[in-house]
Amino acid sequence: MLFTRIDFERPGKQQGFLQVPYSHNLGGWANVMIPCTVVKGGEGPTALVLGGNHGDEYQGQVAAMKLARELTPEMVAGRIILIPSLNFPAAKAATRLSPLDGMNMNRAFPGQPEGPVTSQIAHFLTNTLFPMSDVIIDIHSGGRSMDFVPCSHMHLVPDKPQRERMLKAMLAWGTDFCFLYADIAGSGLLPVEAENQGKTVVTTELGGGEGVPASVHRIAQSGLKNVLIHVGVLKGTETTREGQGKSASVLVQALHRDDYLLAPESGIFEIAFDLGAEVKPGDTVGYIHDLERPDRTPEPIVAKTAGYLVCCRVPCLTNQGDCVAVIAAPMSVDEALQA
Amino acid sequence: MLFTRIDFERPGKQQGFLQVPYSHNLGGWANVMIPCTVVKGGEGPTALVLGGNHGDEYQGQVAAMKLARELTPEMVAGRIILIPSLNFPAAKAATRLSPLDGMNMNRAFPGQPEGPVTSQIAHFLTNTLFPMSDVIIDIHSGGRSMDFVPCSHMHLVPDKPQRERMLKAMLAWGTDFCFLYADIAGSGLLPVEAENQGKTVVTTELGGGEGVPASVHRIAQSGLKNVLIHVGVLKGTETTREGQGKSASVLVQALHRDDYLLAPESGIFEIAFDLGAEVKPGDTVGYIHDLERPDRTPEPIVAKTAGYLVCCRVPCLTNQGDCVAVIAAPMSVDEALQA
Amino acid sequence: MLFTRIDFERPGKQQGFLQVPYSHNLGGWANVMIPCTVVKGGEGPTALVLGGNHGDEYQGQVAAMKLARELTPEMVAGRIILIPSLNFPAAKAATRLSPLDGMNMNRAFPGQPEGPVTSQIAHFLTNTLFPMSDVIIDIHSGGRSMDFVPCSHMHLVPDKPQRERMLKAMLAWGTDFCFLYADIAGSGLLPVEAENQGKTVVTTELGGGEGVPASVHRIAQSGLKNVLIHVGVLKGTETTREGQGKSASVLVQALHRDDYLLAPESGIFEIAFDLGAEVKPGDTVGYIHDLERPDRTPEPIVAKTAGYLVCCRVPCLTNQGDCVAVIAAPMSVDEALQA
Amino acid sequence: MLFTRIDFERPGKQQGFLQVPYSHNLGGWANVMIPCTVVKGGEGPTALVLGGNHGDEYQGQVAAMKLARELTPEMVAGRIILIPSLNFPAAKAATRLSPLDGMNMNRAFPGQPEGPVTSQIAHFLTNTLFPMSDVIIDIHSGGRSMDFVPCSHMHLVPDKPQRERMLKAMLAWGTDFCFLYADIAGSGLLPVEAENQGKTVVTTELGGGEGVPASVHRIAQSGLKNVLIHVGVLKGTETTREGQGKSASVLVQALHRDDYLLAPESGIFEIAFDLGAEVKPGDTVGYIHDLERPDRTPEPIVAKTAGYLVCCRVPCLTNQGDCVAVIAAPMSVDEALQA
Amino acid sequence: MLFTRIDFERPGKQQGFLQVPYSHNLGGWANVMIPCTVVKGGEGPTALVLGGNHGDEYQGQVAAMKLARELTPEMVAGRIILIPSLNFPAAKAATRLSPLDGMNMNRAFPGQPEGPVTSQIAHFLTNTLFPMSDVIIDIHSGGRSMDFVPCSHMHLVPDKPQRERMLKAMLAWGTDFCFLYADIAGSGLLPVEAENQGKTVVTTELGGGEGVPASVHRIAQSGLKNVLIHVGVLKGTETTREGQGKSASVLVQALHRDDYLLAPESGIFEIAFDLGAEVKPGDTVGYIHDLERPDRTPEPIVAKTAGYLVCCRVPCLTNQGDCVAVIAAPMSVDEALQA
Amino acid sequence: MLFTRIDFERPGKQQGFLQVPYSHNLGGWANVMIPCTVVKGGEGPTALVLGGNHGDEYQGQVAAMKLARELTPEMVAGRIILIPSLNFPAAKAATRLSPLDGMNMNRAFPGQPEGPVTSQIAHFLTNTLFPMSDVIIDIHSGGRSMDFVPCSHMHLVPDKPQRERMLKAMLAWGTDFCFLYADIAGSGLLPVEAENQGKTVVTTELGGGEGVPASVHRIAQSGLKNVLIHVGVLKGTETTREGQGKSASVLVQALHRDDYLLAPESGIFEIAFDLGAEVKPGDTVGYIHDLERPDRTPEPIVAKTAGYLVCCRVPCLTNQGDCVAVIAAPMSVDEALQA
């Protein structure tokens, strides 16, 4: 069962570990050690900052590590808990899923106290860290397999005041696009567990691929701080897009199966539109080429819906059934609040 | 020994294969089949177009496959030979090196007639295809591990007329940057073998990472055609940057060890500058973070030379000794011709 | 949860997929796509034809693919649903078990709606496809590890009218041997789930090994059609062994542990009898040779029961505990109906 | 479900197998065969002797195999059941965990009748073999990853008479150290299941590493016999340390988290004390060296408690979180009986 | 360098090993031990019997092991040297190529004294065993990947008397077909090295696939003995096909590239003719099916030449370029002697 | 080609790297970086200290790393060059051989400038570091697979003055045993290359297995310093066994094939004698047990020669042909000097 020497109630700054016992062939009495930093200042809310829910998404891991080093108790009103690499074994291996148990952390909630390593971590969050938090920030990107226009995103929770808090926090990240999604991909998600506990949940899809351009690191690091200022746990002045002379974020949604385009067969995927470009139904957004038989006409990937290309597959080598493109339609803030 | 049913002297269009016998555990009498297209029109030079020298670089593979389908003998003055996926087994596996023999095609020249598969392919090029060609176009990118500002590039060959032909052909690709490099990385390179045979050799580094953005596919496909028009084998009118209202390509060079920055230890690499940005000596262009001990100050990667950041490592997870950044200094066309 | 765009109630012919969401390291939002064909003609029963329950058994996969291409609504009285490669990931990998979750499809019933991929497929059959079917044909062979005399086979279900329907359908396949087996190998079998729903279940063991001789392909393809004609869903005239001038199928049973001979130690297995040969108790049906110590007397495999050698292990390299031979005793149709 | 042809009630000596059905890609109808020997003599208790609970611990496997060959019914008063390699697939692979299902046999109790192979074996012990036994001897060592001062050990069970029986049996092994441990490492342990059934449970940690020195083989083989004599199932005269002119065994305990020292980061572990040496709080018992950066000061491993170094990590290459040293404090026999 | 304690000149029977030093991660000073039996009787020639040139071909390995156990000096006129598993590491792994060095024994001749393990074995044969032999029998089959009509075969050596000796010895095997082949597959073959030394070389292709039917074991074992009698080294009376009431062996040849049909793309191969059947140019001998897109018309494999189908691919799962069928045309004994 | 920024002629202390270019799938322009420390004081000889010739032997790696940190120019008369982990990729992987090229560093000499990584390192030593050194210390142990009585050892070089210098340096290590060996194991050894250049070469076999006991670390670290003092490059006073009240080191030799006992078949190895014990011809020094068939009598390993057991295999799981024991006979210093 997960154990930690960190005292989350103690004022000041602590750097420690969440420890999960893990017996394997090269370590009979070994432990997985997940770094965790707690900074507790004066009165205020508690924010839990999570990177590495998927191990191959380093945008949030780097932002959280840097913030963990930088923060002092004086900078904090309340408490900030940072876990830069939540699925730590996956982060060490640069994989989406944990190499120890094959589990997807984002399908492991609420978790089990004596289950596999991933499940034990989920259980500790569900039962210990979420209850002590007001705001939960879970920083994702497309990981190795997908690339997103950098965006914060959220789930349209049924509770309207909670939804409004979440929408404002999402906008505080300051990305060009904000992405509204519905639940069609299975159960066990971290944000859903946190939402069900009534928390203000902020999530992102900050680019993707195995690398992170400097521009995306800047968005991750500045957006994270701005959200923490927005929710009142980090001292400082909130920045707005307006204040920076930018237009408002574009809200988009992709709630239907037809918005997600799949590879009809295996081959080499070529994307034909730039991320963020507008797409009409019938547009050919990409192709699947056959390396063995280049004489054959490639299979076209045709858009069924209108909107922006917000996401596409990264690795050219593609399997039948892989998601190769996502088209999201614009919506207004009011629609998002009322939907 | 490599065999093909293609008759390179026959007018018209042929789609066939280079076949390399390969006996393995699941196929005693198997062959590696490398697709090859030949289009022979009227009088003119011969151009050999190569993609997939490294299997994980799909920019040129897609451009060559599309051109191979599109070309008719009427469009060609002379002969165009296209091999979209030169290291075919690597292209099928999305790896830099061949999974069959672990070899780097770009270190395998001049090759051996009865050697490993990669070496047999190199031998066939050296002894059959290069001698029948006037222009050799080898389309690279940074592959999975590195990202370049999309550029055509060349080696400063000692023969001045050859160098001038190559420089003009390089410029015909129309990229924002053109990259001049010297030989420090070992022997056996494909372009060096072709250069030694006196050919006009055109090479590129068109981006990198596991994915290819639509904008880079466009550069690959339009640049390839423009170079083929420039050398007179594809009919049509050459496009120039000037004609498109663009400034001239920036020529840059990175000829010294200090231009190539290495990771001083293993960890998570964060790049701090955008590709193409200007860098001064002493600038911290990136960091190596320690996931296990995020409390530690990361190792800075400090520029030693001035110039543009033309290349950086893609996968955040980095080993000690990996090249994480390349700084290239500007030079003029005249300097390039005289150097 | 498994999803399909196929409308099983629509008349005519549809080619589509069963889609199972599958998130993995190289595809965050990927799907497993299992090809499925439905052909609905006039009034009549529904037959569900399944190949590739084990991925390395291609006899039924090829027969079902060919039939799926050939069928038109006019040829069908009722409805034929064909899934050529039920455990599709295993079929792509030529393995018995699914490479995605390690599961044996034939031990995965009744399945779970949010379980591993194999379990989701089983759940869809149990809850959607079996209830809409009257006849379920599940085409097996010995796969990579075992070789059978090509035979149709069945389980002696307790319900006598159901058993009689099944026995007649089994005989309609027209194989030289028909094999009656009892349940000793665990729970979760596909045919048992179908039998429990009262269906006419027809199964086979059509040879084995990694390859399929042309003669066995012929039995698979002709037998499948003849059974579909027999149950009245495919138009045409039923063929009988009698009509072809053949003797009646030999019914055999292997219901006891002693009928299944195991390797007493690891080594190289040599079979000493031909498949289909008669064996007496005390006969040495094979040997285990020791490659390291060929001077040693090999371990004999001695028959404990009398009957026909209906199955033997294929790969010579054998582990202790592998089943190396199965001896089945003859029984009459009457015994089969009454037992 | 596990099956055996052994009749545990039959007098005399039988050598047979526990068979667990196991269907895999290279053996559709295969079985795992776990050797088991039963020797039944005249009246007396039943002892169950287990080696290979973890597959990479061969001390007990060799001792049990040798004893199994040596024993005759005449030597036994009651019944001795020997399973030299309990986790047989792991023993064949020299791994702690089963390569078939990844399970730790010592976390698999009470087991499931239709579960994975490891779980089926646990279930058979829990439900068949433990109930027919009075004494259960489970011979462990540190395996590949850890090295112990050779010791017998036990769990301080709450039932005082049972605890006293166990303590006397533990002392009968005759090792220099005896180790008392408490349950902090999770559930599902073999000895805990046996203890809960009221049995006299004797366990050991006889050295460790991939090899076994001759001196440790002697302790394993002589100690096993002496315990069997002590509990009255093997005929002969009990040997005592006193009779051999040795001082009494030193009893030690390590019941607190601080007794178990973990690697604070990955690297090369160097142990600084000999096994069995006395250690004071503040002593540096080892170091973690950084191979990539040998100029760095190594991380010291500092003892927090006083006692004997009873265990240390074996492989120098160490991951963060691996247990690198265990410090155990002395206690008296009376304390052990009363605690 | 390969070493052996066997004295090949000593009369009588010896069972020993060829030892090749092999240092690896789990054995610093290890050796590969290749079993070898020598039986020396009175005056007569020397025959060298080789099985397991490819590790996954067990027909000859079993025949040679059985003969090695059975032979006594009294049965031999001259000397018989048997190496049942020539590529011993491959035989232990059931692979065509050596798992130690990836080498194909049948492309490793003449070998190197200090090269990889496979090359050292080849060197010992070339320099020690071939020179002391008159007759060399190398028993092959199609291995895991191919299936042949069981046949003995030979290479049409230029020396006519040697060719005649070889042809008679080939016929002495007594198979239905005998196969004449030319050298198109590369260099380094064992039989070519032996032929160049002027030896009578007898080779076979006795079936194929991972398993060996009892009928093929019988051909391997009886044919081997008959050839040894024929060449005068085993005492006994030669059996002839005529004496058994069989027609003469059919001699066939496949000397042209068009006789070897390759898979034009990857997929599932279905063979449409039985092995040994007659085929006409234009006949569709098989198909490549696409599992992902079963709606597509499969690629036909069309015969280009007339003759018998003497070989086909075994595993249905096929890669582009795999040899899927071989068509061989009949020729007479006279043609074979004169060609 | 290997490159370094270290200036071996510069006085003072430098910590740097030997860099070998290495292009692989995850790093196109990567380098292997081998840490190297140079400490140059006043006048005196040059000593080259090497650990990690085999990557899994950490005794010398730890000793060299500690000494590299501790040394200052003031402590050195001449120059000490330390390479703690010579086969660095193997040391990172804890394997004997390099995981990059499968090569054994100790069979790679003299090396090639453009060969595989291991070969490039060997080449640099042969051509750059050996020529500048007077004394070469190469610290080995048995690694993962073998365990030695801790000893320094040497090769009986033909040059008598060189032999005498080496013997005295060997004795300066101060181990209980010193081991004299002859060359039977192949070519390409590091010490042989150094000896051929006339250097004073000191080597060791300091224990073995995956772990290193504290007592062996002490021998490695104290012996290394004492040898450096003995040869005059490290300031300080030499320690002698006599001065410590110990008897002289026992010199032993194992020059014949019969001294090296091999496993006659695969199984579980049990050693029956303690390391350093005296053994007579005919003694059973160990057994090979059969886990599958524990009822079988184990194969005995019988000594053929008299002497001390100086080495035995570590991992119990053993392959046929593995060296399981080495018996070495005593000899005098005079015999060693004259032999």
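Going by the order they are written in, the chains are A, B, C, D, E and F; count residues from 1 in each one.
Just so we're on the same page, contacts are C-beta pairs under 8 Å (C-beta built on N, C-alpha and C of every residue); 3 or more make two chains touch, one makes a residue touch a chain.
Just so it is clear, the structure is predicted and the values come from calculations on it, not from any experiment.
Looking at which positions face the partner, chain D and chain F present mostly the same ones, since more than half of the interface numbers are shared.
Matched by residue number, over half of the contacts between the chains of E-F recur in the interface of B-E, chosen from D-F, B-E or A-E.
Using the mean of the Cα atoms as each chain's centre, the chain most removed from chain B is D. Between the two copies, chain A and chain D, the Cα superposition rotates by 120°, quoted to the nearest 5. Centre to centre, using the average C-alpha position, chain B and chain F are separated by 44 Å. Averaging C-alpha coordinates per chain places the centre of chain A 51 Å away from that of chain F. Looking at chain F, residues 33, 144, 292-293, 313, 315, 320 sit in touch with two or more other chains. Taken pair by pair, the chains that touch are A-B, A-C, A-D, A-E, B-D, B-E, B-F, C-D, C-E, C-F, D-F, E-F. By the touch criterion stated above, chain B contacts chain D in their complex at residues 264-266, 292-293, 320.
Within the complex formed with chain B, the residues of chain A that make contact are 15, 33, 35, 37, 58, 61-62, 64-65, 68-69, 84-85, 88, 91-92, 94, 144, 147, 209-215, 217, 268, 270-275, 277, 289, 291-295, 297, 312-317.
For chain C in complex with chain D, the touching residues are 54, 56, 95-97, 104, 107, 142-146, 185-187, 257, 260, 262, 313, 315, 319-323. Partner chain A is touched in their complex by these residues of chain C: 1, 3, 19, 21-33, 114.
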